[in-house]
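These are the structures, in structure tokens.
Two complexes are shown next, each including subunit A; its partner changes from subunit B in the first to subunit C in the second.
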Partner chain A sequence: MSVETKQARKITVGGRMSNESFLTLFMIGVLVVLFGIACAIVPNFYLPQNMLNLITNNWYIIILGIGVTFLLITGNFDMSVGGVIALTGVLSVYFCQGANVSRNVLANGLGLPYGLALGLALLCAMGIGAINAFFIARLKVPSIIVTLGTMMLARGIAQVITRGAQRNTSLPDVFGVVGNIAIQGTSIKFSVVIMVLLVVAAFIFERMTVPGRRTYLIGANAEAARLSGITVGKHITFLYLTSALLAGITGILLASEFKAGVSSRAMGYEFDALVVALLGGVSIAGGFGSVLGMFVGAVILSVVTTSATGLLLSPDWQFTLKGIVTFIAILAQRFALDRRKG
Partner chain B sequence: MNVKGAKEESIQTQLERSRAVRANIKKLYIYFVLALIVIIFSVAKLGQVEMFGRGHFLSPDSIINLLRTAVPILTLSGAFTLLMISGYIDLSVGSAMSLSAVVFALMILNGFPFLPALVITLILGIAMGALNGLLVMKLRITPVIATLVTLSLFKGIALLIVPDGLSAIKGSAEKVMPPWINDYARKNVLLGMPWAFFVALAVIAILVIVQRKTILGKYAAAMGGNRTAAELSGINVVKMGWLLYIIVGFFAVLAGVARASYMSLGDPLSGDGMELDNIIAVLLGGTAFSGGEGSVAKTIIGALIIMCVTTGLMTVIPAYWQTVAKGSVLLFAVVLNHLLIREKVKA
Partner chain C sequence: MKLTGNVLEIRDLVKDFPSVRAVNNVSFDIKRNTVHCLVGENGAGKSTLIKILTGAYARSSGKILLNGEEYSPHSPKNAKEKGISTLFQELNVVDQLTVAENLTLGMEDTTFGFLRKTDKINKMVSVMNSLEPSISPRQLVSTLSVAKKQIVEIAKAVATESDIIIMDEPTAAISESEIARLFKIVKGLREKNVTVIYISHRLDEIFELGDYVTVMRDGKHIDTKPVSEIQDRSELIRMMIGKTVFEVYTPKKDRSQETILQVRNLSNHKLNGISFEVKKGEIVGFYGLVGAGKTELARAIYGADDYEGEILFKGEKLHPSPHKVIEAGIALVPEERRSQGLFTILTIRGNVPVMNMGKISRNGFINSSQERKVTLEYIEKLRIATSSTEKEVIKLSGGNQQKVVFSKCLFADADLLMLDEPTRGIDVGAKSEIYGIIRRLSEEGKSILIFSSELPEIMNICDSIYLLYDGNLKAALQNGYDIDSEKIIHIVTGGE
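What follows is the complex of A and B.
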């Protein structure tokens, strides 16, 4: 009894960092060390442009990571984000393409106005999110199974619309603007700005709003959350819709950047999004993790993959590296937390 | 009072009857689904389609072809079912298949005889299963995450083994792939079926017996039903889980060898999507999502359903419909599974 209270007091003593902040700091430390090593052995790694690229080249993974992080905190997976990107990209192109302009089927679309096309594409993305939410929140099916199914569904629809290839002709000029404009005088794209805005918004949501804190409660103990009056199903639904929406935004930006709707776009991004969340210390076990940590995780992954490329390793190394890095990160974080407890 | 009691009783019997009907449906529906699909594809005028000019969906040729291509999933899905019954999951099976296909093809290409190559690849499979077991059971990493990590790892290694500039391990001008690599999965042994098919049948038979008659099957169900209770009643959950992962790794590799032999090359992407096919087969077979109950035999029927649907669809609609079809079948299986299992949860 006395031991318990002592421990309880130990945790509540003011000034002591929360485990989340501790892990984020820990991963920042790892990042700094990795960065130092990379600067030492990879040629030209220290150049400012390269450092900027580390963040700006990964904007899509970070945007996806936001949705995946929140879901992971509640103990749910979203493996459908890659498929949703492909679907939204293809759909936005399909809606924008002029109607009856060519005898080539892939050149003909619906000829909708630009804004309407994007809106509809985003709605379809959220439709996939709604399917996820329905199965997971209502039917209580494990999220991994459902989202793998919707991943195939979304990518499959994209493949049907593009006949397994891509659509890239008879697009209005305005379509390629969003993904390609940059801040004047810099190489920072509009997409990166959106990414930063979304991360800030997610950070505020996580730290300062009631729903944000509820996310953690649900993850820590869904039953307790339900008993204390949180409508868990509604909240999960909201998070899945958000995740799908974020993937949809990413899909439109990518489609605009390449001015094409490619059905094989974003293959494996769901895994990358999961990896950056895990690198950032998100734990599926107990309502644990943060968007800031995910951001740090994304930069770590970026440092590792960029170094691999800089060292002229074959691209085939990427899969192996991601696997090893994630594995080490999970173990290191657990070790760090155990040491801290003891 | 009396009337009320009788009424209650009749409601009771009605309830019981509906429960019995539901249980029967649950027991038998999968055979109907398979029969229905076969009938649909047989009745549909596939003869008009170019690819099926050779004959009917039920012609011996097409049945033999279907079963030969189904060998990998038939070999693997039984073990996968056992693992899912115990409440765990292995998403790395596809990558394990790819890696074993690559390793096997590489050894054959470099002059290994069939049996040593097979044995070494199977040992690799045991090692891969043991690695999954280590991550999930010993280090207690969530199964989904642990096996996703190994998925990436195995796939990466497979890609690294294949030399730069080649898409797969295959014969070239300098090194010829021995033609007998085909023998295992293509050469007619009996009734037009190759060795690999009979191996798959034997595997299925063994796993059905393991699930129904041995202690491993009972333990798997106990673990999936309630892990804590299983632990408290003296089952060594860690050891059992580890064993199940090793079994899955072993059969994933056997499936990979069959695939490599069938295609006579080691493709590092050949196993992609295998985990999904297996999940679909297991869910169609009525295994509960969270484990605790299920049947190896029904999973095999589920696997045949997938093969019929994919092969059948390939003959009527373009290949790019394949993914949508599979995704829909998966979600359909989830709904079906939910409807049939709901009863048990309520009771």
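What follows is the complex of A and C.
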């Protein structure tokens, strides 16, 4: 191979692990340690079913985390994902509910066929993504402001449609299927399977494709990216649409699971998605991070909150705990990266 | 009272970094009230030495005496208090404040936290007036040119009775006429009991300005001499790099008549009806002072800025977007390599192929072995000093970073390359290497547009020279025939 002759000049090709891989491995290390501690002190933590739950109970945060991670890598936030879940859930229910079946306004919907109803709901979710993209990519408004706006807009529409409550009657039976079926003989739900498929797809996108690479280039230096011929606005638009679509899918799965469109669903999920991305080493400054890291971050958060519950800590402590874990993770990453540089 | 003798004595100074000894046993003296130039290639240890003097780095060993007393600042602020001020390339002024407010910034007199008007400000303003009367203390700093902002900083350093002002490439971003004014001020500082340590890549400035010159190479002190004892540029260059560099233009023998680029009546907020043509294989230089419209012209052709008029490339109209322009076969090495050209937190491998990802991918999937091969190819071709394709670009020196930008543009397979200030802030050795690359490309039939504010650079390598002044194309010259640098300067400074 020609590479071997060139190595004689002592220019190494590859070999050195990227900082992303290093951090992901580091966080896996942190996860293993935390897991060990939890097994030792939390009753029944080691049971296989519990271990499985650590991942499967978090499927919705991980799906959201994919979109949020890629946007963070480009240097943009998406705080609208929680609102989009509520909106899509409510809309999918509203579109499916029978028309003129009851005197109760909340029991009457549009009576659309199931498939069409879901398609329309997803389209509406992407509409929110399109609003985000328009303001951020075209008008250059800071993403945090825009997506906080669409977060409220999406949830607001959901509240209007549900009159501030929920819609859960006159739904066809098929509506409750996707959110509740599981792989035969296990407790692994279809939603979890989708999550795993999406994580694999995201991993391939990130590591092996040209658009995946573009995501990093834009985050590392948007102006240089533009001058290098990358259509930055188009790519940001694509990522916001994707993020909204992922939130929409999550919204439909959650609505199906509970067979209800609830306007207060997924309150605060945008922050959870942000936290797991940060735990996984994604940089808010852009240009750095990975989906795998985000996945590990989500499991770490899950280990901590599950142990807290297992130790009979009052649920009131959940937020405080998440805050502390976030700080410790950030300190640990800083420490690890500084060590590596030296 | 005028003091004489040494203001600064450096003895056996060493600075070690984990992998390299950046300053290696350096000893020399700086005489009081002189302009002392510090030269050396990038990586010679100048910056590290300066950072030790300004308190940004701690030394590993050695001794520094300031006015005969042990000097070891623990922070830039502390260095300033002890009498060493620095004029960095990134100026330390606040645009939104007035000149007077900037002068007293950080040393305002206050009562219970409220500002108090005192004599201090008058003293500051009078110092500034003596340096440059045209600056009003009530003016907002944002309305000043870079050169005048420098003067505000110099005034501040003089008024606070600094013994030494370090100037790090002060002329890199200012025009020739402003340079003349700056030089006058710097020369006048000797009378004000101020010693200047002057760092510049422009060697001519050293002969014009310097009393003494210290040459560094590979972290070592090579020599300190009175400037009057140095014969010419090439002696200085020999000391800096230990070998001679020739810079002579030889006109091309046979030139292609095939036109590749036609610009017709190009106008925008900065440009005024510019028209010209470029032949295949031709090296065209655009020379003008800062603000003449060089960068704006490059950006307009590249589609990065809006314009009116018509640009034909290989006979077809160009769409004004970098994406389309690159596809058509034009690449740009932008003015600011760090903010416009490079993805500094990514690796060399992450940077080199970005302008032509199609060449290393299939159906959108990156072929990583090909990517590595290509990166390695350019590292060798352009002799980028690195140990690995996986080194982050931010860790490379300025010259090597610029070579990465070049690699990026060369990999785009462009037929026309536009180079905006291609050798700014690069040491002499890397400069001549880059000129070599440009000549080679031209021999391969690529056309090259160079936008530069350094006349020697334009005269050394360009076949045709266009002079810009205030957004207008003032003159077109053929290099090699009756080129008169005085006349060129006359035109680009607004003369007819």
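Everything that follows uses one rule, which is that the second predicted complex is superposed on the first by the 327 of 342 C-alpha atoms of A that agree within 3 Å, B and C clash if a C-alpha of one lies under 4 Å from a C-alpha of the other, contacts with A are read in each partner's own complex, and residues count from 1 in each chain.
In this section, a residue touches a chain if its C-beta (ideal position, glycine included) is under 8 Å from a C-beta of that chain, and two chains touch if they have at least 3 such contacts.
The structure presented is a predicted model; accordingly, all values stated were derived computationally and were not measured.
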Touched partner set for A:223, first subunit B, second subunit C, both or neither: second
Partner with the higher number of touched subunit A residues, subunit C or subunit B: B
Touching partner for A:321 - first (subunit B), second (subunit C), both, neither: first
First, second, both or neither for A:37, with subunit B first and subunit C second: neither
First, second, both or neither for A:201, with subunit B first and subunit C second: neither
Which of subunit B and subunit C A:163 touches, first, second, both or neither: first
Contacts of A:142 with subunit B and subunit C, given as first, second, both or neither: first
Subunit B and subunit C footprints on subunit A, overlapping residues: none
Complex interface listing, subunit C residues touching subunit A: 18, 302, 304, 321-323, 325-327, 332, 334, 339-347, 349-350, 354-355, 357-358, 361, 364-366, 368, 372-373, 375-376, 379-380, 386-390, 408, 412
Residues of subunit A that touch subunit B when the two form their complex: 77, 131, 135, 139, 141-142, 144-146, 148-157, 159-160, 162-164, 263, 271, 274, 278, 284-285, 314, 316-324, 326-327, 330-331
Of all residues in subunit A, those that touch subunit C in their complex: 2-3, 6, 9-16, 18, 208-211, 213, 216-217, 220-221, 223-231, 287-288, 342
Subunit A-facing residues of subunit B, complex: 89, 91, 135, 139, 141-142, 144-145, 148-153, 155-157, 159-160, 162, 164, 276, 279, 283, 289-290, 318-328, 330-331, 334-335, 338
